[in-house]
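In the part that follows, the structures are each spelled out as structure tokens.
Note that subunit A is present in both complexes that follow, paired respectively with subunit B and with subunit C.
Right, the complex of A and B next:
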């Protein structure tokens, strides 16, 4: 059963519809990413789940209870903000202790000197200290507990923000682009740390990001959002290999997927830039379609027959892999191909190249960008059947 | 060979050395450019302060033809004078009433305006009017409002069945009444400073506080608002203290330090010594003591604001 669900959430800011009826079910202990380009409404959705923003329509359900009217402070969720939102006047220890103090101590016990006056305060303070130290230890912050946020590096601040979230056991963790203020190297490192943290805590994580690599590497499931809607929800594998919408195909994957114009033959086979593929579509012949082929699903052909012929327009050598941009006859945009360094050794700018798709299934989309179901050609013919 | 090449590259990398002449010209230009400001500062600020300091060691009387240095005699006279101590005590009392009240009121109203929806500009303008008004003119208006027989305030008190008071002639009430006018005049200014401070508190800190379980406005205030307003509050307190130390207009118009020195304050003592009794040397000594207080506050402000209350 879903631990957290949003049902038909709509949000309108000054007559601009930011969310257009979003439905999502999140299972207990799941790591789900909300990913999409900026302005797609993913952060707004997270803030609505957190209770920081009120939805115009729809419901947020946590553990079978509609929390739509419940204040953020009573939803028992923890959040890591993009800006970290640490209290600049408090030490790292106090920053992490705030959520515990707010929940375990009453207003009287929070007053200065309360430990001497209000009975029971000291015991609770000792427990809080122990919990904060445990969280700090988990994140390697023990040495920094006395510092102020202003004295920390970006990565350390990020850890403190995570520490403040994990110090208690909330129902779910909400993370709003927590890595976007870090440099590239640290981001990759923190990606692994957050994924590990999720495994260790076994708690529900809802992670908002515009970086498809973060979503792909950390999530159990990804919800891709476009223009206020969730376009597709699925495992990273499904999202990558079976995108349900051309926008998903284009957004996920780096470098970007090749989208080539195609047409369906009289016998149902797909023909792209003059080359017949091994797939059939059940659509009327002559229907224009769009074919998405990942750069790694292309390889140089040994025979020029039955392959796309083009010239290399640009080569990006990353050491472990090489991206070759090729100008293919009959198509304006360069076709991008990811090769092993060995395969690309002979290719330089201007040299002729022949490309064929690997047997892996390409994605087919109709003119509106919706996925079309394809099936392989019954008996394998390699070229022009 | 390699050494020579290295030397050359070092020469190219180093900025060209300034010759003595160039350095002189550089300094001279800097001096020439700062001269107008320096001249005005000496003439209008530093000069008068030094003059007052020197005068406080003399027996100078306004219009007198001879002047003699008498060392610390003026200060000795002052410290032996009961009126001076009353005056200093009253000034401190006035500051002790006006500063907390005007700061608290300014903060309270700023919070109300900031949390409220419409009419923000209206409220801001209304509460700022006393700050813009000429205090002397306002003091005269207050004089009529506080008049024992036909003053508006006593009429109102009588209308609701309360006893009227002789606000400005009752020794127990004169100073608090002046302080109330001081608060009325000052809190609008503090409010504007607090409003600016409130606007600059990042919204995401309140979001974090909500997620951290700060349920009430009270706990959000102590967790976020109050600490984040630290620098502004410090500034407001010091500025309010300096401005309250300077209280003079209302005293001069309304009580003239009376009744029976109950509202005698430092600047009024200075004024009456200097311009009523023409004991300029003694008045200068009062001015120096006043200056010491204001300078102390300024130093505290500079130290604390720069070091303690800034976080980032």
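Right, the complex of A and C next:
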């Protein structure tokens, strides 16, 4: 059963509809990413789950309980913010201790000098100290407990923000673009650390990001959001290889997928830029379609026959791989192809190149961008025979 | 060259502003015979400081006046902060219907001069029977519209994430004001404190209207009364009394100035 679910969530700000009926079920212990371009409503959805924003319609359900009217602090969720949002006047220790103090100590016990007056305060304070130290130890913050946030580096602040979230062992963690203020190198490092933390805690993580690489590398499942809707939910592999919508195909994957104009022949075969592919579609012949081919699904052909002919317009050499941009006849945008360094050695700007799709299945979309189911040509022949 | 010019102009302006102040201190050190000389003499030939200052303390309850001033200004500032901080938080960070209208009304209140409402206030306090008391000196000023405005402008710069984080941590809305907003707003509160304390320490107009009994007199009122009743034309002790009354403000400003300028490190927010 789902631990956390959102049902038909709608949100309107001043007559602008930001969320248009979002449904999502999240299992216990799952790492799910909400990914999409800026303005797609992913952060708003997270804030509604957190209870920081009130939905206009729909319900948030946590462990079979509708929490729609419940205050953020009573939902037992923890959140890590993009700006970390550490209390600037408190030490690292106090920053991490705040959520515990607010929960375990009553108003009298939180007063200064309460430890000498209100019974039981000292014992609770000792427990809080132990819990904070355990969280700090887990994140490698033990040396920094006495510092103020202003004296920490970006990565350290990020870790303190995570520490403040994990210290009270909430039902789920909500992370709102937690890595986007870090430099590229640190981001890759923290990506691994957060994934590891998820495995170690075994808790539910809901992770909002606009960076598809973060979503792909860390998630059990990805929910791709576009214009206030979840367009597709699936494993990173499904999202990457079987995008249900052309916008998903274009958003996921770097460099971007090639979208080429195609047409269906009389026998059902797909023809793209004059080249017949090995796939059939059950749509009327002559239907214009869009074909998505990943850059790594293209390779240089040995014979010019049955291949796209073009000229190299740009080469990006990353050392481990080379991206070749080729101008192919009859198509405006450059076609992008990912090659091994060895394959691209002879290719320079202006040199002729021939490209063919690898046998891997391309994605086909109709004129509105919905996925079309295709079958390999051979399979059809076997059935017919 | 321009830097030199700029400093020259500033120095001249500072000198002009400080001149009466320096003359007050100088006079407070002079015997009666040297006060009205035709020549300008900054340092008296015959130092009369001890006599003047003892006379000032002997002839008027100066310590009582200073204590009154401290009680009144401190109470006003604390109450102003108690009211202005939550109000500013609501105006800056909470979303509610009519927020803009309320804020416009707050701004409008800045335009009302205190003299205009002095008579209605006097009548009101007369009916309440609290004229001639500390309450009469404090109550009219506990809602500082300027304070609300200043703190609101400052709170606008505090990131929303910090407030949301506090809500997730389980801090109540009023708790956010005192535990999160106030500590980050210390520079702004200090600035407001300087304005508030200076204005009410030096206020002469309202205490003159509201008070009758000398034991409640605030420092400016005390000095004025001192001049009329005790010293007459004896300017040495009078200037000594004025110096004593200004001294706490000057000391307080010098102490707060560093705090005022250095501010608090905000780098932790981003």
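The rule is simple: the second predicted complex is superposed on the first by the 378 of 385 C-alpha atoms of A that agree within 3 Å, B and C clash if a C-alpha of one lies under 4 Å from a C-alpha of the other, contacts with A are read in each partner's own complex, and residues count from 1 in each chain.
Here, a contact is a pair of C-beta atoms (placed from the backbone, for glycine too) under 8 Å apart; a residue touches a chain by one contact, two chains touch by 3 or more.
Here the structure is a predicted model, which means the values were calculated and not measured.
Superposition model on subunit A: subunit B and subunit C are shown in a clashing arrangement.
Of the two partner chains placed around the shared chain by superposition, subunit B and subunit C are both touched by A:52. Shared-chain residue A:83: touches subunit B and subunit C both. When the two complexes are overlaid on their common chain A, residue A:181 makes contact with subunit C while staying clear of subunit B.
Contacts of A:157 after superposition on the shared chain: subunit C is touched, whereas subunit B is not.
Under the contact criterion defined above, the residues of subunit A that touch both subunit B in one complex and subunit C in the other are 47, 50, 52, 71-73, 77-79, 81, 83, 85-89, 98-99, 102-103, 148-150, 164.
Residues 47, 50-52, 71-74, 77-79, 81, 83, 85-90, 98-99, 102-103, 107, 110, 148-150, 164 of subunit A are the ones touching subunit B in the complex.
Note for the complex: subunit A touches subunit C at residues 47, 50, 52, 71-73, 77-79, 81-89, 98-99, 102-103, 148-150, 152, 157, 164, 181.
Contact residues of subunit B toward subunit A in the complex are 202, 204-205, 207-216, 218-219, 222-224, 227-228, 230, 311-312. Those residues of subunit C whose C-beta lies close enough to touch subunit A in the complex are 159, 161-162, 164-171, 180, 183-184, 264-270.
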